[in-house]
Structures are given as C-alpha cells and as structure tokens.
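Presented sequentially are two complexes of subunit A, the first with subunit B as partner and the second with subunit C.
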Partner chain A sequence: MHRKAILFLSPSWILLLLFFITPMLLTFGFAFTNLSLTGTDAANIQFIGFQNFTNMFQDPEFRISVFRTLIFLLFSAVVGQVVLGLILALLMKEKARGFRRFIGVIVIAGWVTPEIVVAFCWVAFLSDAGTFNSILQGIGFEPITWLFTFPMVSVIIANIWHGTAFSMMVFQAALDDVPKSVQEAAVIDGASRWQIFFRVTLPIVKGSIVTNMMLVTLQTLGVFTLIYTMTGGGPGNATQILPIFMYNQAFVNYQFGYGTAISLVLLVIGTVASLLYMRFMKVKL
Partner chain B sequence: MKVSKKELVIHYLALIFLAICFLLPFLWLVFASFDQQATQAIKLPEKWTLDNFTAILSDPSNIRSFAIGLFISLGQATIVVIVAGLAAYPLSRYRLRYKRSFLLTILFMTSLPITAVMVPVYQLFLFLNIQDSIIFTTIFLAASGLPYAIWMMKNFMDAVPIELEESAWVDGASVLTSMRKVVGPLMLPGIFTIAIFTFTGSWGNFFVPYILLQTQEKLPASVTLYQFFGNYGIIEYGKLAAFSMLYTMPSIILYIFAQKYMSKGFSLGGASKG
Partner chain C sequence: MWKSAKGVWLFMLIFILVTMAACSSNTESEDGKKELTVVYRSPGSVDSLMNFFESGVIEEFEKEHPDIDVKITPITASEGDYFSKVALQMKSAETAPDVVSEDTFMLNSDANAGYLDPLDDRIAEWEEWDNIIENLKSGVTAEDGKVYGVPSTSDSRGLWYSKELFAEAGLPVPWEPKNWEEVLRAAITIKEKTDGVTPLFMQVGKANGEAVSMQTLEMLLYGTGDTLYDDSDKKWVVESPGLLDSFRFISQVYDVEKVGPDFSVVMSGQSGNVAFQQLFPQKKLAIALDGSWNARNWAENGAAPIENVEEKIGFAPMPTQNGQEPGAITMSGGWAWAIPSKADMKEEAWEFIQFLMEKDNSINRSLTDGNLNTRTDAVEVEEYVNRPFAKESQAYLENAQFRPANDKYPAVSTQLQTVVEAIATGKLTPEDAVQQYKAGVERVVGKENTKVAE
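Now for the complex of A and B:
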C-alpha cells in the first residue's frame, strides 16, 4: 500500500480500533462473564459460558423489553416517522413556496431540538395540567394522565415529533427528483391520480423509502435519552425498551455481564438491520 | 397533475393542522421561558420578562456546564474534521487494495447504535483508568462520529477534480499543501456540513457524558440540564424552559447556518434514483 495512504489513514484507524472496535469485541467477551461492579464477583471475573443468555431468555422482563422495543420501532419509526414524513412531503409538493417553507421550519424545529428538551416539551404538553389536557377539556373531554395511563403512546408520539423532519426532507428530495415529463406522459395516457401515485411516483421513490426506513429504524433502536428523561422507563417498567433495560441492569443493578449480554442482543439487531440497509442501498464503491 | 380546488383546500387545512400539532409543544417552551409564572399549559406570558434567563445565566455552575459542553463539542468537531479529512484523502485519491472492504466497514459502523456499546465502553474506560475525563470523553465521541464523517468527507472529496491538484503538484506543492490550499477550500461547504453535524450531535448528546463523567464540576450542559429538571423541573417551569432554550439555541443557529449546504445530503447518496 502507498506509504502516504497508511500515514493518512492511521489516526482514524487508531481511534476506531481503540474506541469502536475494542468495545464491540469486549461486548462479545464480557457477555459470557459474571462481571459486576460490586460484591464478591467484582474481584474475580469468571467465564460463565451462556449463563447470561439462558438467564436472559428466561427473564420475563427481557422478553417483554424485546416486545416493547419492537412496538416502539414499529410505531414510532416505521409507521410514525416514515408514513407521516411521506404524507407531509406529498402534501407539501407543488404548494406555494413561502407556505412550504413555513411548514418545513415548524416540523424541522422538532428535529433540531436536542432529545432532552424534546422530552421536557412533551412531559409538559402531556402532563395533567398540560396544554393537551386543557385543549381536551376545552372541547368537553375529561383530562387524561397520559404519561401514566398511556406511557408507551406518549413516548412514541414524542419520538415521532422529534424524528419526522428527517424522513420528510428525504422524501422531499426524492419527490423533487421525479421527472415532470414522466407524470405528464402518464396524464396524457389517461392515468388517474391514484394510478400515477402507485404506478409512477411510488416506484421512483421506493429506493429512498426503503433506505430511509432502515436508517430511521437504526436510529430508533438506539433511543435512550428521550425515554429515560420522559418516563425513566416507567411507570413500573412500562416503557423499558432494550437500551433502558441494558442501562438498568448494568448501571443500576451493577450486573455488567448481564448488561453486556443485552448490549449484544442490541448489536445483533443493529447488525442485521444495517446489513439489510447496505444491501438495499446497493452501495457503489 | 391538476388538483381540484376543493382538494387543494383540504391539503392546506391538513398541513395547517399538522403544523399546529408540531408547533404547540415547542411554543410552550418559548412562552414559558419568558414567563415568571409559567405553568405546564401553554399561555402567553402576562408580563414578558428575561428574569428566567438571567437567573440561569447568573449561576456560575450553569455557565461552566455550557463552557464544558462547548469545549467537548468543538473539540469533537475539530478532531473529526481533521482525522476524517486525512482518512478521506487516500480513500478518494489512491487505488488501494483493501479500499472496498475498509469503506464497507466504515459504512457498517455508521449505522450501529452507539447506545449498544456504552456498557463495555464504560468498562474499557475503568480499565484504562480514563473515566471521568473530559478529554477522553471528547476523544471517544470523536471516534464514534468518525465513520459517518469519513463517509461524507470521501464523497465530498470525490467531487473535487484531481486535475486541480495535479497542477498544484506541478507547481511544486506537496500533498499536504495541495490538500490545505486546493482541496480544502473547494470542499469548504462539505467540511462545514460535517463540522456542524458533528457539533450539534455532540452538543445534544446526553447518554455518553452521563455514563463517562461523574464529577459534578465536569458535567456538560446536557447533563446539568437533566439534573436541573430532576431538582427543580416540577416547580420552576419558567427557569427550566429558559435553560432549555439557551441549550437549544446553538443547535438552531447552526442549523440555519448549515441549511444551504445540508440539503445536498438528503438525496441519500443517489439511492433515490431507484
């Protein structure tokens, strides 16, 4: 290899090796140990084989966390952000420029806002005496303790609010790429609006939809801050998705071996999703 | 495609409705921050005041946490731009034997959730005895941002024609000089995009400093804001909102600044072409 190439690449290699690849390898290593921070196990780390994993799969808390994670991914990422983003992009198409910008700025504000602040905004919005309940009472409904009665719905909506702008911008860019001539040709051939959408527009933007869906899924898989600050995983464990479960096992119960085993599950899900994503993207190098 | 007038009205109404849904939670934050008697519900302040902001800014420990946040984010962005720039150069310009596998690894790493490795990272920091260090937290954040930055940087660099550099070499410039004087200035929009993207990601990051830093005096704004919420959030809505606004400001300003460059990044690398 070029000597200069090695020289230029080495800083990034060193950083990635030390702080990215090593932790990933450690995940594999620690997941098979009884590593913990306190107690007698802290002094002598032991290899315990698949013990953490057998415990994990027998742990009802783990199974329900996986289920919650899938619900969170499905509704906040796939259904929420992707569908709402597509609807927004479609509605905004061919509207007055100023209006388009105005709507865009409002949606993007939620995306630019840091996760913690998103959490505060939504805790206040959904709280007992919050804005949403005042509106409900204004139109004659009983107020609802959203964060206690529907905690999962609350965090899903907050995450949709935070993430939709990204999908919207991706779809706007994709829709702008649809050549006008193709649509006009379809109109001349007598296609209806729905036919044009499903037969012309959708196939052209399909690539963006799939890629965007994978990206959003991967981002959502790593969501910790939003839920941790909004509900702390509660009430009870009602919003304890895998990252929160991992945090609680490792940093609250000090079961690092177990916590790492949960990390490994997250990494495996992430790896599968990311390999799929790379396949769909058909990377040209 | 002609849309009937009735339908157009429905489109506009739907968009306005969605915009209101998006606006209300954020508008609460804005109003509450200027209101000393702020409550959980959105309302216009009876008296607009800056008292909440002065209260937050007059506490030296808040200023310190903003400064630390700024240090971490600027540090991370600087390291990422330099290291990714160096790495992108051979990846963009040279024929290398393992280029394809290296780039695929990089792309693979961009999409892994960093949350998943934080438990072993904490262990690693304990083992190396570098936990509770602002510098190493910054370096770790830089490493975690590298894959994406290298990927973007390479794409931006590919767009700079090599002929320009060749003429610089003919004039006697070294590779480093031509990078600094020719390639760098031409891909400035790309560099800004990466720097701003890294900065805002780091500024908004709560989980990494929350895990890797323990001493109260070393915590950046993201963590102190969380503590403020835990300690006073339930009573002092106005101050919480003001703190949040101050904390959100850099992200918004940088986004506005970056907007004209960033739109290019949204066609997902040509994937939209089907």
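Now for the complex of A and C:
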C-alpha cells in the first residue's frame, strides 16, 4: 500500500522538483554569478561571490528604489487596499442584500479586470488628453499632466482601485463570521459602537487581517505590469520600484545575475514585512 | 485502472517519449524542401521590411534555389525585448534561426557570447563586400577584429530645423552651424523672436532609453575629440574635458537658457513622435537633434505628411564643438544580417544574405523602409537620392562614428541616461554629473577597466 502511494505521488514530486524547487535553488545560486544574456559573460559564467550584493548596496538608484517600493507598499497596499477594504466591508455589513450586491459588483469589477487592462484604463483616464483632463477642462480648470506631475500618486491610486475588492471580500467573510451573540452581550454590557468595533470585532477578525495584509503585501511587491504600462518607471525614475529596477537590470542591461540578486532582496522584504505583521498583531499562523 | 506498477511506468515512459518527440525541431518542410528561417524585428503595424519581402523577392530567391523554402518570422517587440528574445533563440540549436537581423549595437555582445558565426572567410570570397560603405564595416566588426554581420541598413544624425521659423526669426537659410555656440545662439534667437515655439529639442528623458545616449550625449561627446571608450587600451573613459563640456551644453540648453521643450513632452517615451509628428508639422519646433529616419514621418504615406517638405524643413550636419576637424560628425547605427553559430543551414543563409545585398534588392529595400543604404553605389541611383533628405543623410555617413563595441555598453548607456536627465532637470550640475557617472561606470564595469582622460 505504502509503495503504491509513493508511486502515485512520484509524478507530482518529480514535477515539483523539476519545475519549482530546482529553479528556486538555481535562482539563489545565480544571484552569486555574473550570469548575463549576452556578451562575454554569457559564454563564460563565473561565481563572483557577493559582488552583486555589494554593487547593489553601493548603487544609489537601488536604495531609492527600495524606498519607493516601501512607499508604494505602505500607501497602496496597507493604507489603501487593507484599510479601504475593511471600511467598505464594514459599511456593507448587514445592509440590504440588493445594495451589497450592487456595490460589491462595482468594486469587484476592478479586481477581476486583468492588470494590463487596468493599466490601460488608468492611462486613458489620466493621460494629458485623457478623460479626467477633459472633465476638468469642461468645468473650467487647467488640464494637469497627472502621470508626469503626480506619477507615484497615480500608480498608487490605480493599484488601490485594482486591489481593494480582494481585501473587501476577505473582510466581508471574516465579519460575517463574527457571532451576533458576542456583540449583543457587549451591547448589554453598555459598550459603545467604537468599543464594540475595537474591543470585540477587530480582535476576532485579527487573523484574517494579518493573512490578508500578507497576501496583499506580497502581491503588491510583485506589481510590475501596472506601473510599467502606466509610467514605465518614470518620469525619470520616479516610479521605479524594485520589480521595475530588477527588470531594467536584467532585460535592459542584460545583467541576469544582478537581476536575480535583486529578486532575493525583494523576497527578503516580503518575508520581513510578513513577520512584522504577525509580530505586531500578535498572531500565529 | 492499471493492474500493476509496471503499467503506470510504461504509460509514463510513452507519454514522455511522445512529448519529447513533439518538441524536437524539424528543418524540413512538408514538401521536402529545406526551411531557411529569417528573424528580424517588426515594429508592428507598419512593417516595411515585410512589405519588401512580400514584393516578390522571396519568390525570386526560391526560384533560384528550388530546394529552399524561406520562412520569414518577424518578432514584433520593442528593441530591448527583441534583443532578449533573439538572444534566447540563438542560445539553443533547436530554436536558432538561420539568418538574423542584428542591431549593430548588440552585434559585439552577441558575438562575444558565442551566438554568432564569424563571416571573414565568406566575405573574403564575396566581391560585393567592396561595395559596402567602408565606414560601416567597423560597426559590424567585434572586439576580436572579426566581422560578424553584413550592414543592411544604416542611419545618420543631424540637426532638423524649420526653414519657415528660421526665416521668421531672421536666421540664415540654409543653415549650417559651425560649432555648438552657433546652435545655441540660433535657439536663443528663436526664443526671443518667436512665440509659442520650442527652440531646440534633444532627447534627455530616460524613458527614451538609448536615444538619450546616442542622439544627444554621444552626438556632442564625439564632436569634442573625446570618446566613451578607448579602443587602444580597452578602457572606459569616465572623466574627460569633452564629457564635461557635453554635459555643460545640455545644462545650457535645458537649465540655463531654457530653450528646450516642456519636460512633460521630453520626459515621455512618446517625445520623438510628438516632436516630429506634431510639433514640426505645426511649426512649433525650430531645431531638433535627431536621426535621419524621422524624414519618414513626413512622406506621403507617413504619420504626418508635409507637402514640399524640403522647402519647409532642413537637415543640417551637427557641428563639432569648436568646428574642429572634420567639422561635423554623426553617430551611426543600423542593422546587419548575421548567421547564428547554432544555425543549421549556414551555407544557404549566406546565399540568402548575398542575395539580399545585391544592388537592386538592397536599394529596393531602402526605398521601401526609408533607411539609409549601406552600398557605396546607392548614390548613383536616382530614385534613391531623390527622396527628401536622402542626399544629406547619406553624405553625413562620411564622418560616422560608432558606439563602443563592448558588451558593457548597454549598462554604461543606462548610467549616461540617468545623469543626462538629471542635468537637464537641474538636479545635477555638470561637474557633479561627471562624478556620478564615473562612480556608476566604475561600479558596472569595474574600476580597473576605466580611466580618466586629460
């Protein structure tokens, strides 16, 4: 029986090993090489120790990119998607079914739209001769070059628009699971609405919040299409967050090894952020 | 389902074998002819090279070589992505094309990577090689001194200017500035004498990538006598008087005299299109330092046709800094036909390249795509030189300079783009920019591969 189980599991194990674990280990290894797509280095790959990392930390652009990544993460993921998603979920709680459906569909529309389409929509909306500027001009304002003047704000708003529905749905499910009896007991004990929210509801859904924050964080750290399409990382480097920086190093400068090293840093940021959330919210997963 | 473990193993084995068989390549097409794969970059909607191929040349070649079936497989991608895709294709014998169109700027890197076959033996026996413009041959010669491609198209750069605006501002037409100072003076005059006109356009936005390095910085730097890379000792020149002066000129234009375009225009990846398809036709741009290919926009079937364009717009040579010898310069790029080292039909590929480079075919291609021809005898063909600006563009090739044939160039170029943009937007002084550039290049290529020029 046992042997048969191993036999039947072996294809999936082999596939995982071949297509998942090996590339992961290779990526880790390549971060310490001068792997390149073209040039002498492509013909002659060498182990170069920590040179990619020392180069990275000496590169002022890298440091600014990390900073921009954190800003993007904070505002578009934590403040934007999580908080806004929670507010939406709370506002919709115990409202009429029709209302919930109607609002729900509108918000979810942003989420089900593919990232590239979202990016195009926002470019069309914010571009110099876009919808937003047409409206502004219609009511007598000067048009503003949004993507040029406020690039970071633009991509943050676009990402919030795209991702909030996910948080909202997670929170809706969590809030629906909060037992009514607990809340009623709190009301009888004389708790105010705020007290019920902060002392009763929030602690109960804490686990969902942390899980959601982690998922949203990791997803936001991987945002590439949206920004690349909307601003290309510019103007200048104003929206060059780490994934874009990585792409530029790997596919514009053809330094694959350096690019993989950056991806490891991205991984570390994601891990640290996740651990911090768990620590901060005192949740064990 | 299966009675024994044997059955499962057998099934898996068959499955794997079938899959692997399906993956392997086959160079013979159905009718027993050998398939010759040709790869080039298609810009998308208007694919002039495809138009050329479809104009009957392929049939002609196949008639001459009845055993060959030419398969044209364009890659529709941005330039950067095209290089990545082609490099990946050439890495494996399964996917390597037989003929590949290479930007001369990537040729050296791909040669160093071992992706390309040297052509020296082949061109030694090919008479037409003598008819290729001598200057362009250095663009297809790699660091090891071997030739890896046959130049198929070329380009030059210079100063586009609006004759109408120049006349309005009282500037001489035709215009032939003798040095940088005269270019700047003309821009300042335009600013003073006209209204709502952008005096001088130079690519400085990082979004435009290589255009910033080649059309702006290198057009200046190579006119000072200094270079980016010293071929004699194979070192990058990270600090030189010429570099500082080039940076200063950019700062003069954008930051001090403010004769450049709006930043919202010049920072966008579309700035070239805006300049040549909107501003020039609308008489809102006086001078632009850019490439010869832009003339295509104004042709009858172009994006922004202009009638009698040569009466309205001129193409002046870019002068050297102080008018020193040779008086004017241009950077030149262009594309070349090459044969991947993992191609499986190298002889046939060479036949095809020779065929494409025959005088008639080569000139017909230039007529279709509007690029410069790489043959010395092209200027004798009336139809070719009669195209607007063809004579000037072709003539500037005489002083053509090429980008460093070193595979760190793309990374160095990125450093240049960053500092040029910072200078234009006033975030860096030219002096600080030199220091930042120096630090950046030292980091990318290693300090031992750099030097300071006096």
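The definition used in the following text is that the second predicted complex is superposed on the first by the 259 of 285 C-alpha atoms of A that agree within 3 Å, B and C clash if a C-alpha of one lies under 4 Å from a C-alpha of the other, contacts with A are read in each partner's own complex, and residues count from 1 in each chain.
Keep this in mind: a residue touches a chain if its C-beta (ideal position, glycine included) is under 8 Å from a C-beta of that chain, and two chains touch if they have at least 3 such contacts.
Predicted model only: the values in this text are computed from it and were never measured.
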Quiz item: subunit B versus subunit C on the shared subunit A, clash or fit?
Solution: fit
Exercise. Could you say whether A:92 touches subunit B, subunit C, both of them, or neither, answering first, second, both or neither?
Key: first
Self-check item: Superposition-derived comparison: subunit B or subunit C, residues of subunit A touched
Solution: B
Exercise. Could you say whether A:49 touches subunit B, subunit C, both of them, or neither, answering first, second, both or neither?
Key: neither
Exercise. Would you check which partner chain A:248 touches, where first means subunit B only, second means subunit C only, and both and neither mean what they say?
Key: second
Quiz item: So, A:4: does it touch subunit B (first), subunit C (second), both, or neither?
Solution: both
Exercise. Using the superposition on chain A described above, determine whether A:207 touches subunit B (first), subunit C (second), both, or neither.
Key: first
Quiz item: In the superposed arrangement, which partner chain does A:174 touch: subunit B (first), subunit C (second), both, or neither?
Solution: first
Practice problem: Using the superposition on chain A described above, determine whether A:237 touches subunit B (first), subunit C (second), both, or neither. | Solution: second
Practice problem: For the combined overlay, can you note the least CA distance between subunit B and subunit C, rounded to whole Å? | Solution: 5
Self-check item: Contact residues of subunit A, present in both the subunit B and the subunit C interface
Solution: 4, 8, 11, 128, 251
Quiz item: For subunit A, which residues count as touching subunit B in their complex?
Solution: 1-2, 4-5, 8-9, 11-12, 15-16, 18-20, 22-24, 26-27, 30, 35, 84, 88, 91-92, 94-95, 99, 102-103, 106-110, 112-117, 120-122, 124-125, 127-131, 133-134, 161, 169-170, 172-174, 177, 183, 187, 193, 196, 203-208, 211-212, 214-215, 218-219, 221-225, 228-229, 243, 246-247, 250-251, 256, 259-260, 263, 266-267, 270-271, 273-275, 277-278, 280-285
Quiz item: Across the complex, what residues on subunit B touch subunit A?
Solution: 1, 3, 11-12, 14-15, 18-19, 22-26, 28-29, 32, 39-42, 82-84, 86-87, 89-91, 94, 96-100, 102-104, 107-109, 111-124, 139-140, 142-144, 146-147, 150, 175, 200, 203-204, 206-207, 211, 222, 225-226, 229, 233, 237, 240-241, 244, 247-248, 251-252, 255, 263, 266-274
Quiz item: Which subunit A residues qualify as touching subunit C in the complex?
Solution: 3-4, 7-8, 11, 36-43, 55, 58-59, 61, 128, 145, 148-149, 232, 234-237, 248, 251-255
Self-check item: Footprint of subunit A on subunit C - complex, ascending
Solution: 5, 8, 12, 80-81, 83-84, 87-88, 106, 109-110, 112-115, 205-207, 209, 263-264, 267-269, 407-408, 410-411, 414, 418, 421-422, 425, 440, 443-444
